[in-house]
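Following: one structure in structure tokens, then a few remarks.
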Amino acid sequence: MLVVEDLTAGYDGAPVIRGVSFQIQQGEVLAVLGRNGAGKTTVLKSLLGLTHIHSGCISFDGQNLRRMKPQKIMRLGVAHVPEGRHIFPDLTVMENLKLGLAIRRGKGDEKSDVKAIMDMFPVLEERADCRGGLLSGGEQQMLAIGRALIARPRLVLLDEPSLGLAPMVCEKIIDLLQRLPEQGTSILLVEQNVRLALRLAQRYLVLDSGRSAMEGSAERLASDPQLAAAYLGANTISTTGRI
Amino acid sequence: MAAPLTGNGASFGISQRNAVQLAMAEINAGGGISGRQLQLLVEDTKTEPPVAVTAVNKLIYQDKVPVLIGSAASLDVPAYMEMLEKAHIPQILPVAVLPKITESHLKWTFRNALNDKIAAAKMAEFAYNTLGARKIALLIEDSAFGSTGLRFAERLKELGVEPLTVERFTRGQIDFGPQLLRIRSFGATHIQFWGYYADYAQVARKLKELNMKVQLMGNQAPVTNKTIELGGDAVEGAINICLFVPTSEDPAAKAFVQKYQTEYGEVPDTWAAESYDGMRILAQALQVAGAVDPFKIRDALAATKDFKGLTGTISFNKDGDAEFKETFVTKIEGGRFVPFKMAASH
Amino acid sequence: MNTLAQQILGGLTTGFIYALLALGFSLVYQSMRLINFAQGDLFMAGAFIGYLLAVKVHLPFLPVLVLTVTLCFFLGLAIERLTLAPRSRTASGVNLMIRTIGVSVFLQGSTLLLFGTEEYRFPDQLSGEPILFGGLVVSRSLVIVGTASLALMLVLWAFLKYTALGTAMRAASQDRTGAEMIGIDVPRTRSLAYALSAALAGAGGVLIGPLWYVHQSMGVMIGLKGFTAAVIGGMGSMPGAIVGGLCVGMIENLSTGYVSSTWKDAIVFGILLIMLSVRPDGIFRMRSAERA
Amino acid sequence: MSSDIQAADRLRRAVPFAVLALLGAVPVVSSDPFLLRMAVLTVLASILLLGLNVVTGFAGQVSLCQAAFYGIGAYASGIMSVHWRIPMPLSIAGGAVVSAVFAFLLGASTLRLRSHYLALATIGFGEVMVNVFRSATSWTGGANGLSGIPTPAFSLAVYYWIVLATAAAAFWVANRILHSQVGLAIEAMREDELAAESVGVNTRQVKIVAFATSGFLAGLAGALYAHLDGFIGPESFSTEYSILLLCAAVVGGLASIAGSVLAALLLVLVQEYFRSFINCQVLLFGLTVIVIMMLVPGGASVLFARFLPRRRFSSFRAASDAVTCREPDSRSNGHGHLASAEPKMIVSGVSLNFGGVQALREVSFEAKEGKILCLVGPNGAGKTTMLNVMHGFLVPGKGGARIRENDRQTWRSLPGMPLYQVAKLGLRRVFQHNRVFKNLTCFENVLIGFHLNCRLRPTCLEVLLRPSIAAAKEQSARRETTLLLRDVGLWEMREEPATLLPFGAQRMLELARAAAARPDVLLLDEPSAGLAAAERTVLVELLRRFRKRGLTLVMVAHDLDLVREVADQVVVLSQAQKIFDGLSSELNQDRRVVEAFLGMGGLTDARS
């Protein structure tokens, strides 16, 4: 569904990520791991055309996304849950949700979409008319995800959903997201918390200072010693053996 | 000639320029002055005193004009009149009515327009004697130009009537409600306005809107076609003092109105008539002086006596102010200025 | 007492006009964090467009209002696209502000060229018998200006509240980066905001035309008073703009009635100065936008 | 290469004086009073616009009431000479002083306002003043204007020379100050107020002084104008004229002294001379302003500067290249053991929350003198917030941060202290997102670092009255800057404006600026982010040299390899709490650190 080959991109100035390649099939979840500043968010933003792409190509269902404006990409069925959630404080929960629909330019019937989200996140239904700014961190995260899912996207880009949330809330969110792959929606999850990411993702990609360090299926990763190196710095392997 | 061709004094300046050009064309056609043709150099003062100073400065020092026809905008003149004293250039003012101009006892400035103070006194006499008005309120612009209206109140007190109230307004005001409502609360039957034509029309329209049955009286400035254009039917019945009315029977006036209309396509107002007279007074002075010598021209102007003009018989007093035998009071009827009645003699 | 109530009533007409302008300022400030110095001149342009439609094309009042509002909408759109959008990302706030000053001087220059500085009479479609209401004279113009302004404000409110584009505009003004990241075309919402504020200014111009007259420099003072209304009401808040506008209208009339008209403007701008130094957020403090 | 910059720079500084000299020639050429008066008006306009350039061009405070100050000067001197019979020179000086006082008050009362609100306040002030001119009839003659102001007894030509002399003096003073390091501090404030304040520039004081200077200059021009014609009317001091002045200044070129003269010529010519086709002149003027602001943010004279580069502080007068990197004078005992070192900064029980989210909870630790402390932790753990508290920028809900003054034992609490006073205590900061002064060159960016160093930065008075001392100070400042630029490897880029530098180079420039001030404490926010490998080694080498020189460094870092290389002490923050405070070598043993970083206890249960 999504094919990225030898992507080199950054913001104005030097590229932040170099030579990153990966693929996501229909209904598959890919976790992009790595410590801060490793370029995880840059990869995600490049898919949306929010970065300056030096070289490499990105194709979604065969269409080249490189020159496309973010609005157009999202209309193809790509949804984005931004880092820090970016809930609009003065808009009500319902209005925040409706924004997600507006971007899809109204294909399909609005009532059932809203209902589907309300079933998935019941708490949003209770607080439908209160202002976004008054929601707790967890509720805001659910609202952000709801806003992305309401347009029934085929690919969801999640940027650090666990940021600033209590561990118990993160668990709940990850469980809710389990259902998406079953419905055929694929996810690209950018996450720093490896344990959470691996509960959802089938495959992973680890980035280290802008380059892809490791790739593969989730089971094998658990025991792979190299993961610690990517996170805690190279020379820890020799001393501790097991993390 | 320095005159306001743009800005909010534009309508006076344009009437002045048209009439002076008309008069000059006639004089030149009649052989000019002792054989020499007259040439008119015009500079626009944009109704801004600083620009007027530059314009007059340019005319005197660069174009080296021997004599100046002064600006129609009353606030322009004080800005440059002292400069003329030093440069020894005589000036005639056919339109500017500000009393202060001739109160500064200048030697080189003459005015053939009706001094606003005299106009105010005449208007007070007219209101008291002819209209028999007793409950009169004043509505004057809060500027030096507007405050000449206070002379109207003084003259009224001399005649034994105390004006009910003196209301002030700023030029270009949108809503005259506050002032007119206070006037209504005093129960005035007559309102004496002192300001420019745009506000005069606004006051008339507000009176109609509040359906206050009051006789509106105004000073010279609103006697222009713009008042009728802006005021529409609201200004019907308004009375103003002025020196000339296009519908007057006098044959010379008829000829002037006819010539002006063919030349410029609109009916001349009192300012056109005064400018026409001003130019001819100047021509007569140049004739008497016989030479392009500023001092001779100045003395000739000062000696002007009983000049028969469209606006009456004019002679200059020692301050350079014109004394008029009689003044007109006009009424707006059917969208035109018509003579109301001759005011009592001077 | 009757005169006091009448004075306040008198102030409401001009108050509504100031409210329309203040609404325009708030809209542009909210979405572009920019004070639009050309707002007064857009008001003047609306008045002239209304004049042309009414005099040359002899249209009755309502079509003149509707047509002028639409024309000013597109004028605003063109101005934003041509002068403010290019390189707006790299330009500083001051740079954009000076561009709007350039637009204001340009608009004044073009009307000066086309119409000179004369006053033009708007055909009087609003006059008629005033309505007596409990001893107070409610002028017909107040009724018409009032209803028209309230109707426009209602349309704007409904647009912002219920349409997708309106919600997107509000979102973009609260969190520009967030809006970009979830796919809202932020530059489009900004030009829409500018165009709407131009339309509001145009409406103000058409509504004031019949009460006053139309001339080249009418926009300057009214624009400044529109500023003051927006600041007093709370820059960027819609209800604030309306209340602020009515306040300025009333302050102006009361100070003319009870102090003297010479100090009318000084009092209004004095209040602006006090508000800016004591409480720059105005009466209706804006919740999300950052402070002065 | 440096010689032609030197020539260009001298030419550029000479432009205003050349034009003034040209204007000086007018009375010699022709004695026609009209031309003379136009020349006087041009010179007065240049003084007025110089004032506007000082406050809006250099200090970045948009002022739309310059005409009001012009009016205050005119009316003050008019009233003094008409009502109180004060002789002309005194009334002119009086006019200037009165206007300066008004400007001072306006500047002081609008300190808190951002640029567009400030512009609004100045318009309000301008309108109030015009109303006062028009209504205080007994003093100002009201709408009719004030006439009868004594005009000079001597000829217009002599008066012209006096006006020209005043203008020359004003331009000389402005040239000296604005082209000195003091002027550099003013421009730095315009570029980035927060960064300027953190370098030690007292922005509140600079703003007020800038307003007062512009008021003084405008008042001076107004007073001279009043005595020119002997008549002043309220119309010429309206807001429209202020807007016209700003447009002229923009077209002439903001932030350049030559720009003011250019703008004055433009203004007087367009307003007075080309009056014939007046109608479309206003339209063209508006159009030019729009186009210029779109193309060249700084206005025409910056365009003009493209050909004559504005390298005020270029390096041409620096020491010769032979100087090798000198040995730093180390102050402290070098690499002593962590425990024995004295605490330089103490953070005690800091808790802080942002709108419901708990950013920091009961965090305490000590930064030892001459040691490098690294603040580490997953994203969003409150590291940058902690740094902001230590910088005095954020006031925590509970607890506080204290710093020990340079050599004395007194402790000063930081939160809430104005940043420029924090800078005086020897604390400097390198920000997470680069805060270099974009339009200033690299050389100037580092030079501004010496702002608080009285040995290397001349004061205003020294620049004006004792040029030799000022030049000596500037010379030593240049030498220091050259060395610092060499240290960070930016010597070749010294003439480039900072915006053109790549991300990593800008970061090194900011480091050099901080080092310039010889600070005692240096706060660094993710210094290694975005650095190329070569730059990273230079960073490590610099950090070690700072430590050897006795500096205390507190560094927020992600790059754990860097932390392991340089850190003496590591504090780990997670979920707004401190979970580790000790040596970097013990980092990997601590179970809670691994948990916080990797978010996994035992890897095995990850798949359950």
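In this document, chain identifiers A, B, C and D correspond to the written order of the chains, with residue numbering beginning at 1 in each.
In this text, a contact is a pair of C-beta atoms (placed from the backbone, for glycine too) under 8 Å apart; a residue touches a chain by one contact, two chains touch by 3 or more.
Note that the coordinates shown come from a computational prediction; the quantities given were computed from them, not determined experimentally.
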By count of C-beta pairs in contact, the leading pair of chains: C-D
Chain nearest the overall C-alpha centroid of the shown protein atoms: C
Chain C and chain D, separation of their C-alpha mean positions in angstrom: 36
Centre-to-centre distance between chain C and chain A (centres being mean Cα positions), rounded to whole Å: 43
Distance between the centres, which are taken as Cα means, of chain D and chain A, whole angstrom: 42
Whole-Å gap separating chain A and chain B, where each centre is the average of the chain's CA atoms: 80
Per-residue multi-chain contacts in chain A, two or more chains: 133
Chain B: positions in contact with at least two other chains: 6, 142
Sites on chain C at which at least two other chains make contact: 116, 262, 265
Chain-to-chain touches, reported pairwise for every pair that qualifies: A-C, A-D, B-C, B-D, C-D
Partner chain D, residues of chain B touching it in the complex: 6, 44, 46, 48-51, 53-54, 57-58, 60-62, 75, 78-80, 82-83, 100, 142-145
Partner chain C, residues of chain A touching it in the complex: 48, 50, 69-71, 74, 80, 82, 86-91, 95, 98-103, 133, 147-148
In the complex with chain D, residue positions of chain A that touch it: 13-14, 16, 35-37, 133, 136-137, 160, 162-164, 192-196, 198-199, 218-219, 222-223, 227-228, 231-236, 239-240, 243
Interface residues, chain B side, partner chain C - complex: 6-8, 10-11, 142, 168-170, 172-175, 177-179, 181-182, 185, 198, 201-202, 205, 208-211, 226, 229-230, 232
Residue numbers on chain D that touch chain C, as the complex places them: 60, 62, 109-110, 112-117, 119-121, 123-125, 127-128, 131-132, 134-135, 239-240, 243-244, 246-247, 250, 279-290, 293-294, 297
